[in-house]
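See the structures that follow.
In what comes next, chain A is part of two complexes: it sits with chain B in the first one and with chain C in the second one.
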Partner chain A sequence: MDYLKKVFAIVEKDIISELRTKELFTSMLVFVLLTLVIFNFAFGQDTQADMVDLASGILWVAFLFASILGLNRSFVHEKDEGCMDGLMLCPVDRSAIYIAKVIGNLIFISIVELITVPIFVLFFIKDAAGINFLFFALIIFLSNLGISAIGTLLSAISINTRARDLMMPILFFPVIVPVLISAVKSSSVILVASNPITDVYAWLQVLVVYDMIFLLISYLTFEYILEE
Partner chain B sequence: MKRKGSNTSSSPIIEVDGLCKKFGRRQILNGIDLRVFPGDFLTIFGSNGAGKTTLLKILSTLVLPSSGTVEIGGFDIKEDSNGVRSQIGLISHNSYLYPDLTAYENLRFYGKMFAVPRLENRITELLELVELEHRKFDLVRTFSCGMQQRLSIARALLHDSPIFFLDEPYSGLDVHASEILDRVLTNLKNENHTFLLTTHDLIKGIEVCTRVAILNNGVISYEAPKGEIDPAHFPDVYKKCIEVD
Partner chain C sequence: MKRNNFIAVLAAAFVTMMFAIYAAFIFAPEEQTMGIVQRIFYFHIALAWVPYLAFLIVCIASILYLTKRETKWDQLAAGSAEIGVVFDTLVLITGPFWARVAWGYYWTWEPRLTTSLIVWLLYIAYILLRRSVGEHDKRARFAAVFGIVAFVSVPINFMAIRWWRTIHPLILKSTGMELSANMRVAMFASIIAFTVLYILFLQLRVAVENSNEELEKLKDEIGS
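== the complex of A and B ==
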């Protein structure tokens, strides 16, 4: 119980800070919106069902690059303001700091997606009536969880390196490939109303397993990553 | 056998044995042995790069030692670092405050992290102590350096720890903030708290302490109780210790 209280204290602190500065949120939102608008102009209004593969690819590349902006800042902010040591001086398991940062990143990414997904559907999906949005939300949540779990861990690793802004994407992109492929494939299935829902199950399983593996690995190793 | 986390007044509250720290090939600490007893105020002097901050960072669990053992309040820093953290308060030239949070939000955050009981009352009490109650709901970003240091003192006092580490606490403080820090330290000394101060300021360091040590090239090269020190000649002793190596 005490552990959870401390997790939520860190999450609350990050949310209050972000609400004041709007630093992450604005940059992430603007990036996704710009990407969608640019691709919408590039492809015009003639996006057909057979272009859904491409559209879901555009969506996830936009989300992924926007996430990098946020994930990169999650520890940089603490480090630059000299607060990382203050956090480390608190009698709390390092895993609680990890879990709190994952939750915080998940919230920020999800809010950006909540705003941009309707715009994406408007731009790229002609027949949105039969789409199972509940499943689509599940895919987005599981993919976000994977992105946050891996990104938070790698952000903590890259924070102490000299070229941290460069290091994060270099470490992140190769590791996130399975999540990205599963997100794109499952989204392109779900965004066509006529596709059977069962085609998504295999990709969802990949996402669940990958999320669980990375959450567990990060939970167990985070203490050693933060030391020095 | 000593119980984990327990301390009697006769046993040291801080026990350091053979502490070494290497950063790459550089040996920063080279076998530190130290005993600090409850109620002690130990001032550690040393030139730049002597290892004072590294020593405090190890004692505060921020940096792991390369070898040696450290026990604080009966807790081993490697085996029970959370136990150690609950026993210490660190006042440093770095405030550890979040600039985008208010003074109140900063103290509330740290209070929650240390599970401070009756937190609201404690925050009010401490803001009054450091004379910042009128700026309670202002962002720390808008505070002067001295005000941030005063709030940082309140942050370190939040969980009423028995041990305080002070890393150059007077640097960057204006006269008013220095007076507040002096007053806080006097009150805490009267309540039998234990202190470990690192500083360059020989006069201030001797004034507040009960014991003095000089750290040079990663080892304690001089140690004496305050009663055995002649403040007028101490600068010569200090220079001699530094020059020997």
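== the complex of A and C ==
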């Protein structure tokens, strides 16, 4: 109970500081929208039925790039303003800092996506009637969890290297590939209303397994990153 | 590194490699449809096995480093990762030669090839991460954590041709192998030879790391 209170105190701190600047949120959102528009140029405007496969790929690449922005920021500020030292001096377990950061990143990424998805559907999906948005939300949530779980750990690593944020995509992209594949595949199933929902189950299992593996490994190893 | 030990491994590597080459090019029968090109398979599969072993050792050494904090585990992980990448690079080179004849093209985005490329990129990232951290202790900790994270994707690569239907041939099955007896000899000879070669490289690489460390210590003593 006490542990959870500490976790949410850190989450609250991140939300308050974000609400005051709105710097991260707006840049992530604009970035996602720009990515969607640019992909639209790259692939042409013919929105046929077989566009759905392409569209879910576009969506997830845009989400992935945007989450990199968010994940990087979550430690850049802490490091630059000396807040990291403050956090580490706090009488909290290192894992509490990790959990708090995962929750924070999850919230920021999810809000950006919540706004993006309707716009994406408008842009890329001609026949939106009958799409199971509840399942789509589940896919997005599970993918976000995986992205935040391992992304938080890797951004804590990369921010402490010489290359700083440059290191992040190099470490993050190859690791997140299984989550990305499952997200894209299951999204392209769900975005066609006539597809049977059971086709998604196998990919959801992969997502759940990866979420658990990433959370567990990161939870156990995070303390070794912050050791000074 | 003990000198006698090194010479023994060197001799073993030489003998097994000579036998593997003999087995692959002369002892094994020529495959009917593909002819001589098929013989690259013996080296390809042996080269492909070593990275699995190498990256498993990176993972184990990383866990041991984090729990015991002894430099030797960090050196072992660093060396094993680099050698694994070298072997993996050779896998990615020998594979397309075979594929060009068997499938008609060098590369295709099917699960096994794709995941192999991802594993290769993961350990390139591991090496880049090591290069990017100056402090010794910090580098060892970060690399150890990433060494554990990266290994999560290795079993996926191994299972890729088992989970998904693909055109990549599956040699090791639970039901047995689709190879003639002589071909099997050539395959195992090659696997053993390349494993010994890996052990030889690893010894050398760890020895280099040791010397580097000694050099650093001496530099510190001089105070430069």
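The criterion applied here is as follows: the second predicted complex is superposed on the first by the 221 of 228 C-alpha atoms of A that agree within 3 Å, B and C clash if a C-alpha of one lies under 4 Å from a C-alpha of the other, contacts with A are read in each partner's own complex, and residues count from 1 in each chain.
Going forward, contacts are C-beta pairs under 8 Å (C-beta built on N, C-alpha and C of every residue); 3 or more make two chains touch, one makes a residue touch a chain.
Please read all numbers here as calculations on a predicted model, not as lab measurements.
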Touched partner set for A:I213, first chain B, second chain C, both or neither: second
First, second, both or neither for A:E81, with chain B first and chain C second: first
Chain B versus chain C as contact partner of A:A9, first or second or both or neither: first
First (chain B), second (chain C), both or neither touched by A:D93: first
Partner chain in contact with A:V30 - chain B first, chain C second, else both or neither: neither
Which superposed partner A:V175 touches (first chain B, second chain C, both, neither): second
Contacts of A:E227 with chain B and chain C, given as first, second, both or neither: both
First (chain B), second (chain C), both or neither touched by A:N160: second
Footprint overlap on chain A, comparing chain B with chain C: 227
Touching residues on chain B, where the partner in the complex is chain A: 60-64, 82-83, 85-86, 88, 90, 94-101, 105, 109-110, 112-115, 139, 155
Residues on chain A engaged by chain B in the complex (per definition of touch): 2, 5-6, 9-10, 12-13, 16-17, 20-21, 81-83, 85-93, 227-228
Residue ranges of chain A in contact with chain C within the complex: 150, 153-154, 157, 160-163, 167, 170-171, 173-175, 177-178, 213-214, 217-218, 221, 224-225, 227
Residues of chain C touching chain A in the complex: 66, 118-119, 121-122, 125, 128-129, 132-134, 138, 141-142, 144-146, 148-150, 152-153, 156
